[in-house]
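In the two complexes below, subunit A is the common chain; its partner is subunit B in one and subunit C in the other.
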Partner chain A sequence: MSNENNNNQTDNDQPCCDQAGCNQSGSRQKLLGIIPLDWRFDLASIPLIRWILKQRWFPLCFIFMNMFLFMLILMSGVIGGFSSGNYSFGIMMVWILWWVVLMMILVPVFSRTWCMVCPLPSFGEWLQRIKIFGVGKKVGGLNLKWPKKLSNMWIMNILFLMTTYFSGFFTVRPLATFFMLGSLIVLGIVFMMIFEKRTFCLYVCPVSGFQGLYSNLGMSEIRVKDPKICEKHKKKTCVTGNKNGYGCPWMLEPHSFKKNTYCGMCLECFKSCPFDNMAFNLRPPATDLLVDEKRGLDEAWKCFIMLAIAVMFYVAMMGPWGTIKNWVRGETFIGWFKFISLHTFFALVVIPGIFGIFAWLSKVVSGEKDIRLKKVFVNLSYSLVPMGLAAWIAFSFGFLLPNGSYLLHIFSDPFARGWDLFGTAGIPWTPFGTVWLVPLQFFTLLGGYLVSVDYGYKLCLQTFADTATAKRGFIPLLVLLTLVTIAFGWLYGG
Partner chain B sequence: MEANLPMKIIKSTLSILLLLFCTIGPIYASLRYEASLTKDFTADIVARTPEKGNFSPRHIKVQVGQKVKLRVRNVDTVMHGFAIPALGIDAGELKAGKNKILEFTPTKPGIYDFYCTTWCSEFHLQMRGILEVE
Partner chain C sequence: MNNKISVTIVILIAAGLFVWLASYGWINRYGSSETYEIVEPGVLAVNFHAEDLALKEADVFAEVWQNTPVLKVLLNHQITERPWPKSSTPSVDVQAFHNGKDIYFKMTWEDDHADKTALVDSFVDGCAVAAPIDTDAPPRSIMMGFSSPVNLWQWQANKDMQYWQGKTGAEQTYADFVYPFEKEEIFTVSIPELNSAVSDLLAQRAGSVTRKDDQIVQGRGIWRDGSWNVVFKRSLTTEDKENDCQFSETKQSVSFAVWDGDQDDRGSRKSISEWVDLQIQPPQSKKPAEQKTSDVASNVDAHKKSWIEKLSSFSFVSTANAATSQTQAIETVKEPRVINIVAKRFEYTPNRIRLEKGELVTLRMESLDVTHGLYIDGYDLKIKARPGLIGKVTFVADKPGRFTFRCSETCGEFHPYMIGFLDVTPNSRFNAFVGATGVTFVLILGLVLFKGKQKNGVETNV
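And now, the complex of A and B:
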């Protein structure tokens, strides 16, 4: 935990810094007192990488590759072994491989790169652009503006939560995965035909919301290299587009990016910037958590929902409670209804309620009377992001190690029809490294805890008026983060 | 503008071909491959518990003296088995998601029952079908 942030801030509405990496006194903040938060390495400073990022076929080639795989996934939902998840290409690819790669590598390291190569909205986007490859000015569809009141994470929060209502079906019934992915493709096309640009990805896609929030922790970012160049550039082609690239499809202003939440990393700004002023930076984890921009209750609730789902998934899928498993699997409608009621209440009320109590304690203990509880609640909720992602990574180990070997089978026999494309169909189920499962989960949770605590303290410094009140206000948050870590440790390893 | 036209046409054509390759391609390739593997199958028998559909098909006609090649696919979540006791055919246990190929040549005309040989549900005894040798 860094204690270098000795600012003497007096105005509660002014955070100690807008950009991660510095504080008001100008000293460098460090992650865990070791890594300077303003450290950056621009991958695009390597000429070959910059050249690749500027090509129109990139990331299109990866979108096509994923489209190919998704067609196989969709097919397996219909013609594959439709009752047994472990021999279903769709279920194994989506809920074992994709999920693990997403949560363990893509989000923590490469932020929202999945959105860069996601094939689901591509059909809609190409219809909207009336083009697949080049850049054009014609626009297909109605191109309507999304309502401002809905320009937040609430719809994504609710949709993601609702998606988990069917988790007992997605992981064992290939047809359920088919319907879910098919619905996302259809919904994407419909939305893109009605609303402008990537409205669907920004405000509707259930996968987008948590990626947006957790990508604040990601160790990469797209930012401008030199803001002065953008200041002088009147045309702002990263917003308006030019012959080389579209104006930001995510309706952002790449010239003034500060955090990853809504950047889909589509790389159009690399192509449309005439000054090569965009950077693809590697950075220390979670620096965006300190950026006080567009913070709100929607993102706070996303933190809570993600924690709640991590708990529920473990309880339902790996816990010893048979009754709950039957509820989640929908053995009876009443049981399933009990599950979704409890799950919703836990995610939307219980966890936020507990956090609210600790946020209130933080305000009280800090001794600062002028600060609004909402500000404490929202700001400190971001400290749950590292903890939440760590919980998800730890949970993912829990199915990767025991069940990962099924992947070798389904690569060779994707539709459970007795194929043996790569000679691996006969490899039996072989749990791998399960002796290390609990230690791995423990160290992952510990890592998440340390980063959460570090950022929790930094967020307190940012939220409260001075270091003394921040230190006092931090105590309840520290207690909460410790209790949450112990609870996950007990759940996963107890 | 005119000079770019051929390049635009090439790019558009390539894009559409790529799109077809990545969407229709995997479907076409998979179905063709499956067809090539199953072209000499006499029947492709799907096994489910009776309450979920039973064996399908349940009635198979074959010619005496001709080689029979059956694939039995367990698409269920429980273990099944497959046997034609009168012909001495037994596929053994079929775990969920697994399948087996059986080859034999019936030498006598007749009607032969085939059964599930693993207790798969309370309706297990109804899980059966007929192989008719003409």
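And now, the complex of A and C:
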């Protein structure tokens, strides 16, 4: 069955250096030497799933459902949940349930599926389309082009980093969560009214940026089934749209894009393609890390910022240091200023600096003089993606296991009014499985380490001219990844 | 309509709605305004019972107390004494009755440890009843803040032990007043002979506590099942109206205080109540009990400890909630290492506790502000401490590794992040993790360096 569905499977005899799954000499690459990277299974090959994916009510129904949940979350921020974050519906739903599900399931398995069902930009999108259901031709708003210079991740990097400045408020104060989510909705409307399509999601939304990067590691993708069909199709309705679907709102060319970073999985291409030539593939993790397309310093810095935030969040929230907690929660302005200064310096300078040293060592040890340091720096930075996601998953265990039981309370009493809707309001705080917390974190880190090392090696093969130099250049990277893994292990349980 | 205008309107509506909701949330960020009435301490009914208690041990739990109304009186920290705010004991149950001749007060409060010995750095439990000498004196919030004098009856556990059991406690602490240049001792240090476990005192405003010449108040305290039970006894009225409070049928009020030695309470550092009005029932019978108190009998009884007292004194520690029977059994064999933890929002001090595997340890937690908990991952132990009530747990650190201990009582917005680390060495889990990473590193390095080359130059995946 898998052979039948290997839509992107390449012939072993044909070199395919530009695609994930093959190396320079054209041999099939495997994840950890076991899983072929070019293995694909098209979920849409199941007729029922394809039918669902092509319906206009999908994923709209999930957007409505999420919109209802987010309405409750926003309401709880304004009219309920005053006592403490752990008994606030908004805080618990966003920072325990949503965040954990996002980091542990959605991103690693379903890539950017959250963007598919995200309700935050929907108001703006409906105003832009002047339609909620169906496909229309009229366009609301100004539909301006986004400046090309800003068509990268830098704004998202900065905004996400700045968002974490307020983590001591967002994660504990219901009103602060309302501010954050409400701002995103309003910003979404403003941007959708001024700029075209999903400009806001592509270049502004702070959540979108890290999802984009980490979805390269995700085990699912939307790709074209047969590129030859697209070549013959002159109208390119996946870009221009037709009566069944809008042209790609994420301004991609669905007939040819190769990595998940900027695909919001909105499924419009499924609807607009007249040849049913789109596939919703399951795949081995992280294959997009090998796709040499649109790589740049913005994405490299996104890797560093995500690692730095994982460290900072752990130190501030899971660490025992009261002084730092006081800084983060803004007990004094000076303390908070110290926190944001150190955090920014650590994220933007220290971690990139350390990585830069090892990238330089990699270049030097490889013995390849012609290669540019920037290329080594950028390419190898993608090896930090699996490590970073593993660090985040491990961190999320530290949230979920001890604090998950609060969810039972807030489901029954979402607005802190003393309700007991489902009879679970009285369930006391019950830490679950915390005896396994540190071992789980260690296993997760080790898993991330293995995948990082594997892709680090493949990235070296891709970056350096030949196998011998790649191997030499890989050694500093291997040392760095090992040290990073041990450092996280020390932080989480050492 | 012009596209720009419609865009502007949409943006303004969205932003305006957001600002309105945000401002509503900001105004009500601490909840909707609600008015709470100050809880009055209530009125303590002093009913008539034709009972005369000799203050034997059994009298503290005599049947008459079963028939006497109980008033729960909330206590607050003594604000004139630092560190504050600190309410050592949250409440005390008080009862009172009279037999037409004497008036009895009984105070009952929770205290997980009976502190009966005064040393240089440890203090005794105690309690007090205060009543204004002038019946028309305006009550103030502070116990000794009367503009008119107040009569204080202070019971202390060490004096109780000395008086009723004839024990002097541990070695006495006293100052040496012999100056090196004096040939003779000029201040004779002597402990006055006790004729009661209760000190009969006078005071008028803070810092003016004076021992009365006539000590006419009797009292007895028994610590049982984690609570102190203290009974005071004095005649309803006295002849010395200048120095003694009087309990006639007119309006009278009293206040209560509790010292918890375990919490380092002493002197002014204590928990105090608001003024409680007394409702003294007139005698229904003019035949007060005439039994005479037998001090000898009392002292004989005092040496007979109840089985509960014997049991409680046998235990090394009064564990809070979670000590298992297994760990309790070990306590009798080995002295636990005591680690004092101070909890305040949102940190523990020390925030990192290092133990050897197999070590017997008692964690003793004190809270400086609000109620805090301490739950240890992996050990599944939980203790709670509120200001004034120390939480304790004794256990054997038999699981090696680093474990997080975290607050288990919602204590504020950063409550889920109130965390400390318990290191039980050797940290075998981390060592195994480092070992696994190291072995993986070596294997990969070996594969890359020595097994990378294959035929036809095809690379091997790591």
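By our rule, the second predicted complex is superposed on the first by the 476 of 494 C-alpha atoms of A that agree within 3 Å, B and C clash if a C-alpha of one lies under 4 Å from a C-alpha of the other, contacts with A are read in each partner's own complex, and residues count from 1 in each chain.
FYI, contacts are C-beta pairs under 8 Å (C-beta built on N, C-alpha and C of every residue); 3 or more make two chains touch, one makes a residue touch a chain.
Since the model is a prediction, treat every value here as computed from it, not as a measurement.
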| item | value |
| --- | --- |
| Which superposed partner A:G418 touches (first subunit B, second subunit C, both, neither) | first |
| Partner chain in contact with A:N379 - subunit B first, subunit C second, else both or neither | neither |
| Partner chain(s) touched by A:L450 [first = subunit B, second = subunit C, both, neither] | second |
| Which partner, subunit B or subunit C, touches more subunit A residues | C |
| First, second, both or neither for A:V172, with subunit B first and subunit C second | both |
| Touching partner for A:Y87 - first (subunit B), second (subunit C), both, neither | both |
| Partner chain(s) touched by A:F64 [first = subunit B, second = subunit C, both, neither] | first |
| Touched partner set for A:N277, first subunit B, second subunit C, both or neither | neither |
| Subunit B versus subunit C as contact partner of A:M318, first or second or both or neither | second |
| Intersection of the subunit A residues that touch subunit B with those that touch subunit C | 82-84, 86-87, 172 |
| Residue ranges of subunit A touching subunit C (in the complex, touch as defined) | 23-25, 27, 29-33, 74, 77-79, 82-87, 123, 127, 140-142, 168, 172-175, 178-179, 182-183, 185-186, 189-190, 193-194, 316-323, 325, 329, 398, 402-403, 429, 431, 434-435, 437-439, 442, 445-446, 449-450, 453-454, 457-458, 461, 467, 470-471, 474-475, 478-479, 482, 485-486, 489-490, 493-494 |
| Of all residues in subunit C, those that touch subunit A in their complex | 3-4, 6-7, 10-11, 14-15, 18, 21-22, 24-26, 28-31, 346-349, 351-352, 375, 377-378, 380, 401-404, 406, 408, 410, 412-421, 427, 429-430, 432-434, 436-438, 440-441, 444-445, 448-449, 452-453, 456-462 |
| Residue ranges of subunit A in contact with subunit B within the complex | 64-65, 67-68, 71-72, 75, 81-84, 86-88, 126, 131-134, 172, 414-419 |
| Of all residues in subunit B, those that touch subunit A in their complex | 8, 11-12, 14-16, 18-19, 21-23, 25-27, 30, 33-34, 37, 48, 52, 71, 73-77, 96-101 |
